[in-house]
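Presented sequentially are two complexes of chain A, the first with chain B as partner and the second with chain C.
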Partner chain A sequence: MNHNIILDVQGLSVNYQTYYGTVSALRDVTFKLKEKQSLGIIGESGSGKSTLAFSIMNYLASNGSTDGNILYQGENILEKSEREMVGLRGNKIAMVYQNPYSSLNPSLTIGKQLDEVTIFHRNLSKKDARKESVAILKDLYLGDAEGLVKRFPHQISGGMQQRICIAMALLCRPDLMILDEPTTALDVTTEAVILDLINDLKKRYQMSMIYISHDMGVVNKVSDNIAVMYRGEVVEYGDKKSMFHKPEHPYTRALINCIPRSGIVKEEYRLNTIPGYVRKRSIDEGGCPFLDRCGKRVENCESRYGLREIAEDHFTACDRAFAKDVADDSLIPKKVDVIEKTEDGEALNIVNLYKTFNSRGKKVRAVDGLNFSLKKNNVLGIVGESGCGKSTLGYTVTGLLKPSKGKIYFDGTDISMTWKRRSPEVLKEIQLIFQNPGRSLNPSFTIEQIIGRPMKRLLGIKSKTERRERIIEILKQVDLGKEYLKRKATQLSGGEMQRVAVARAFVLSPGLIVCDEPTSALDVSVQSSVLNLLTDLQQRSGASYIFISHDLNVVNYISDYIMVMYLGRIVEFGKRDEVTSPPYHPYTEALLSAVPDVDPALTKGAVRLEGAPPNPTKKIKGCPFAGRCHKKIGEICENVTPEPVGFGEIHSIACHLYSAD
Partner chain B sequence: MFFIRRFIVRLGSMVATLAVMSFLIFFLVELMPGDVAQMVLGQNSTPEGLASLRESMGLNDPFLVRYWRWFSGLLQGDLGESLYMRGVAINSILWRKVGHSLVLAITALLFYVPLSIFFGVVAGVRAGKLSDQIISFFGLATMALPEFVSGVLFITLFSVKLKILPITSVIPIGESLWGNLNILILPALSITIVMFGYVSRMQRSSMIQVMDSDYVRAATLKGLPRRYVIFRHALKNALLPTITIIGMNMGWLFGGLIVVETLFGFPGLGSLTMSAIKTRDVPLIEACVLFITFIFVVSTLITDTLYGVLNPRVRLAKGVD
Partner chain C sequence: MRRILHDLKSNPLAIAGFAVLFLWIFLALAGPSLMNFTYTEMDTQNQIAPPGTGGHLLGTDALGRDLLARIVTGSRSILTVALFTSFFSTAAGIIIGFSAGYFGGLVDKIFLRILDVLMSIPALVLAMVILGVLGDSTIMSLTLMISIAYIPATARVARGTLLTHKGREYVDAARIMGENNFSIMFRQILPNTLGPIIVEATARFAYSIMMVASLGFLGVGLQPPTPDWGMMVIENKQIISVAPWSVLYPALAIASLVIAISLISDFFSKVLIHES
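Here is the complex of A and B:
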């Protein structure tokens, strides 16, 4: 292997001139990338990882200024003119973005958007360019490439769009490919397929790669080396195994421990959290960027600064991850005492539930005949790809949607209607926590008003002082102080807003809370603290949760029961451990094996799901999963709908594999 | 299917709008001061003459009866007769003038659409730079300038000083518009001045938005030349809102013609309306105003339909999950 340096970033700093003063986005970033090497960059929001990617493309907003060098093949990119960059971009250095849908031009065909790359960079004729485009699509295992080039971006699925974007980046056989969160907007099953593809391409095309993500598991899968970024600095850099198993920087260690992963469940561990949140960095704030949140801080920390090489190819700005002088307290998952549960009766009972939408004269069966019940004081996690109906189910339970058919009972009361027609007692009992707290909290209200309003309306607490006392009490339970009473939602960080949303739900002492992707918009370090909070409050109050998430690790951590949905139906239901271990429904198996592992030492079975779920407007005769199933038995799967087969008390799987005999 | 249904619904609401408007117009014109019979007979009328004329014109019938008589005429394509030019069918005057106005409107359109789009695009691409500031200032200034002011300025400059264009846009008796096309230039320029600011600002802001989009960034980072990115990637998407605006303003443009045509004496729908008002020619006023309303409604309908066809994403209804 040839070990030439392809990219050498030296002391790169980027500052943005903003209305509030100069903000430091990158500070003294230094690293080298060798030929054919792949570097994963991990960071939370505000770490500067995307700014780094765009700096390498020499494409920064006009209010940005740079300092330092980015040497590509020995030449400084930052000194190149726009005209010189045109020759490099898309040709030698190519980029793939987070959101494939918005990165493709909606009014040009896919073929056109592919062709133009080779027409400009390789001077091909239109005809030859089209040949190249079709060839590259075939190279990426996209069937019917000739048909695909004639279509428009909105006519194909998200996973397909991202493959088109990757193909586009590869057309000129670049030396360096930069991928900026390319799978974040995709389903876990599609993500797994794309990650496999990227790994395969890396070998076949022999290129260097920079893969940017907030997700440790994903980075792990595609990179040799990992750089951890925090508030504009690379705090640690090294090969992935040593970074994971023996991190040196306290932030790296804390970050790894924040992530819920297989084997970590709420009965045994509390998740590690990092207090506080990522603050913007002003230009004159020096010293250790992690200072305000670090659990290993000591007196002389402030002056620590800059990367040092501590072993071959392993750099870190601080080596106190395992320092003995400060106790490890907040850095490892804590064992928790098992709490004895009382579960008398059913919180929720769903009988033959259907929800159909009309989309331009066609019927979309979003929820297609559900039957299940949830005991009191339990958490039911619901997983499935987007479009499986999990959110629709949540909305019908909370009354945002009216069921088309079937019944929903809460504690024995029929609630199969919209919230407008539910009694105040029922309204108080069922609460909803959304994914995006910023959108669900009224920005012009103070926190006191936000939490106080439902108390007045649904609990009938008229006295303002009484309300205030209760609000202060509930804020304390979500770790927010009195000073938040008068703040407005817009003044809070994402994590704080979600805490307020949790407080607003719990102040009514509800019996059931529907959590719709409550932590998906949060950074991992904040996510873990919200998960801990939700777990504590649930166990203390005895409320039940319906916990909807695309993240199987999160669901696995918090749930007592798991329900797997596909195309509006339940394919598997059971206790958490029953669902996450064999016997599996083939779809569950595929979902589980798609989840990327955080620990690089682990590797998992590779069941890969191709394609997307079938069109929900079509009536399906047999098993909804038949088109993608790797275990398909034959005719019976196409023609007969599999009925749920019971295993033990609750566990059931709807698949002919188990009903065949 | 979806489109046809949508179109039919729109069409229905358009017909309803027109019917309601016809009633309102009739009602409002009715409120105008002055007695129609008096106006017809002029100074030397006798009370008996007035009474018999009122009787023969049906002016003594109740309001609703008169409205219905007029409206049922409309349905059969009969706009009635002019009062001022007694016995002349409005149909025979109106359509020729409408034709003239259409030619003027199209000329104006040919002037201002390319011009405003071009400068709007330039300003949008160079947002914040000097060229943008100049164009934006000019756009704002012209928007504030009423047609009659710019019209007078043009007349002074081109007709009085330079003497290259006629002062008025009258068609000499016995000649047709086609032999006198130069009379279109000044009125069309005045309209251009008014519309320019509006359309170019629209184009500018949609261009800025598109230039800021992910797909334009992606196109740039594919290493495509800037010019190509602007024309092939940005422009088509940035034109969409502008087309909508231009379409929706067709009705407005026709309204604006009244002022311009009167100023230049151009023989179109606008000056016909003005002279009808001056002479209290009630049936003619009604016909003219109704026709302008018709243009408003039709142009909205067309724009609406066009927008749906042009933008594939309008058609995409998103599911819930």
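Here is the complex of A and C:
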């Protein structure tokens, strides 16, 4: 193989001039990328990953200034004029962005947008351009390419849109493709398919790739080398195997160890966390970037260390990496005391629940006949792809939506109505924690007001001093100090905001908390601390959770019971270990195999789900999953709705595989 | 607040706008007492005097009245009416627009249709008809009239900003935490929508000045002897060929104030809407 260097980044620094002063976004970033090699870049948000991608495209915001060199095939990109860049961008260096929906023009057909690329860069005629476009779509295994080019972006699914974006990037046969979190906005099942496609394309098109992601598992799947970035610096760089098996920088270790993995459950382990959050770095701040959050720091960490080679092709910017005096505790999670559960009575009982929405005269069945109950002091995890009705269920339970049919009982009381008709006693008992804390906390209120209002309204605490005392107490429980009282939500980091949201829910001592993807908007390091917090508070208070998430590892960690939903129906329900081990519903099996793992040695069964769930406006005769199922038996799946089949006490699977005999 | 000041420093146009506005406010408050002449005083020696003659800095009109004194005194009424108009129309617009947008459904439809009807009549015509019926205009009736004419516009802006916030999760959170509709609308949502509403209020301030001037020009504004900029333009129209300054200066006064406020409004829309 020819190992020419295609991209050579030398001492790249990027600074932004802002109102708050000069912020250093990248500092002395150096790496080489060989031909046909793929580099994964990981780090929390604010690490400078995207800034790096944009500097390689020479496409920085106007307040950014650069220093250093980016040599692309020996030529310095940063010295090229805008006109020269036009010939490179999209032609030699292509980029795929995070959100496919906003990178496609909604008013042009897919064909037109694809044609433009070759018409512009390769001067093709309209007819030839269309031929190329159709050919590339076929190359990406998109069936009915001729039909697809006539459609508009909103007429196809998110996964398809992202494939169109990848096709667009490939049209000029680039030498280097930069993918900036291309699967973050997609479902796990779709993500798995896209990652497979990217791996396949890399081989077939023989190009180099830079893959940016915050997800270790995803990077593991698609890259040969990995660079870990933190606050604008590459802190560790090396070959994938040695990076995952022998991570040396404390930040890399912490990152790997804070992700909930399969097999890690709350009874046995506490998740590792990284205290603090990623702060912006001012230009005159020196030393190790990870200094303030590092558990292994010593005095001389305040001077900068720089990348050094510690093994073949493995570089680390920390001299503590070789230290023998620090115990390597980060790899072994600590045990927590198992708390005996008192399971007396049902917290929530849902009987034959339906919720339909009207959409342009058509009925959308978001929740389609649910029956289940949740015992007190337990956590029920709900998983499923987007659109499976898990959030609708959560909103119906909390009273934001009115059930179309069926009953919801909380502790024996009928609560099948909206918030308007619920009594303050019921409202107090059922709380909701939203996905995006930035949107669920009023931006113009102080933390004291945010937590204090519901205390005044629902608990009837009139005295301001009494409220303040209890707010300080609850803030302490979520690891926030008194000084937060007067701050506004907009001044907090994502993790702090979610803590405030948790405090707001718990201050009312509710019996049931619906957590609607509470950690999916957060960085992995913050996610683990919020998960620890939620687990602690649940065990201490005895509240029940409905924990909604698309991330099976997270659900697996926190739940006692798991419910798998597909198209508004329950396909599998049972205790955690029953659901995550065979016998599976085929859909559960597909979800489990789609989750990217962080161990490069592990290879998983490859069950891939093609396509999207069927249109929920149509009444489905048989099993809703029949169209995508890899274990379909035959006609029975399409014509007869499978009834749940019981395995043991609670575990049930709605599939003909198990009812046939 | 500190950020607004910081942004102001790098925006010379907005600084100019504020400077002109403050100058007019100063003149309106203190100006008349600094003048050599009162606004009704007729200097029979210096009729149609060009600027600078006989102590008349901006000249005189056909009756020998000092133009500067009349313009400065006129700024009092026009600023008062514009200030109160923008305040009342915004306040009423918030209440109407918020109720319509928040409750939605039939309430929203009815409000919107009423606003549509009001909007379909040109504000100037509407004002003229009502002022014609009411008889001589006073500062009170002018304020009331122009406020009503501007409510549809402010209500729509208020409704629009409310709708963008109504879907936010913090509103849902407030609902299931026992807040009532009134406090969700005015306690939870209103503070977050102030940006666009302030921008609209400043724009209404500028429009009100034009409206007062237009009504004065058409003869249904404030009645003599109160000096009114619009009225001064039309009064002096007959002598425009001999004394162009008598029309030019009141017109410039109107223009300077309107442009200054428009610049301020632009500035607010940049800082309060686009950057938040």
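Assume the second predicted complex is superposed on the first by the 647 of 661 C-alpha atoms of A that agree within 3 Å, B and C clash if a C-alpha of one lies under 4 Å from a C-alpha of the other, contacts with A are read in each partner's own complex, and residues count from 1 in each chain.
Operating definition for what follows: a residue touches a chain if its C-beta (ideal position, glycine included) is under 8 Å from a C-beta of that chain, and two chains touch if they have at least 3 such contacts.
Being a predicted model, the structure only gives us computed values, none of them experimental.
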item	value
Touched partner set for A:R457, first chain B, second chain C, both or neither	second
Which superposed partner A:W419 touches (first chain B, second chain C, both, neither)	second
Touching partner for A:S440 - first (chain B), second (chain C), both, neither	second
Touched partner set for A:L108, first chain B, second chain C, both or neither	first
First, second, both or neither for A:M95, with chain B first and chain C second	first
First, second, both or neither for A:T398, with chain B first and chain C second	second
Greater residue coverage of chain A in the superposed arrangement, chain B or chain C	B
Chain B and chain C footprints on chain A, overlapping residues	none
Of all residues in chain B, those that touch chain A in their complex	1-2, 213-226, 228, 232-233, 236-237, 312-313, 316-317, 319-321
Chain A contact footprint on chain C (complex, rising order)	3, 6, 168-170, 172-179, 188, 191-192
Contact footprint of chain C on chain A as seen in their complex	19, 398-400, 419, 424, 427-428, 430-432, 434-436, 439-445, 453-454, 457-458, 504, 508
In the complex, chain A residues that touch chain B	57, 59, 82, 85-91, 94-95, 97, 99, 102-108, 116-117, 120-121, 152, 154, 165, 168, 357, 359-361, 364, 366, 386-392, 395, 401, 616
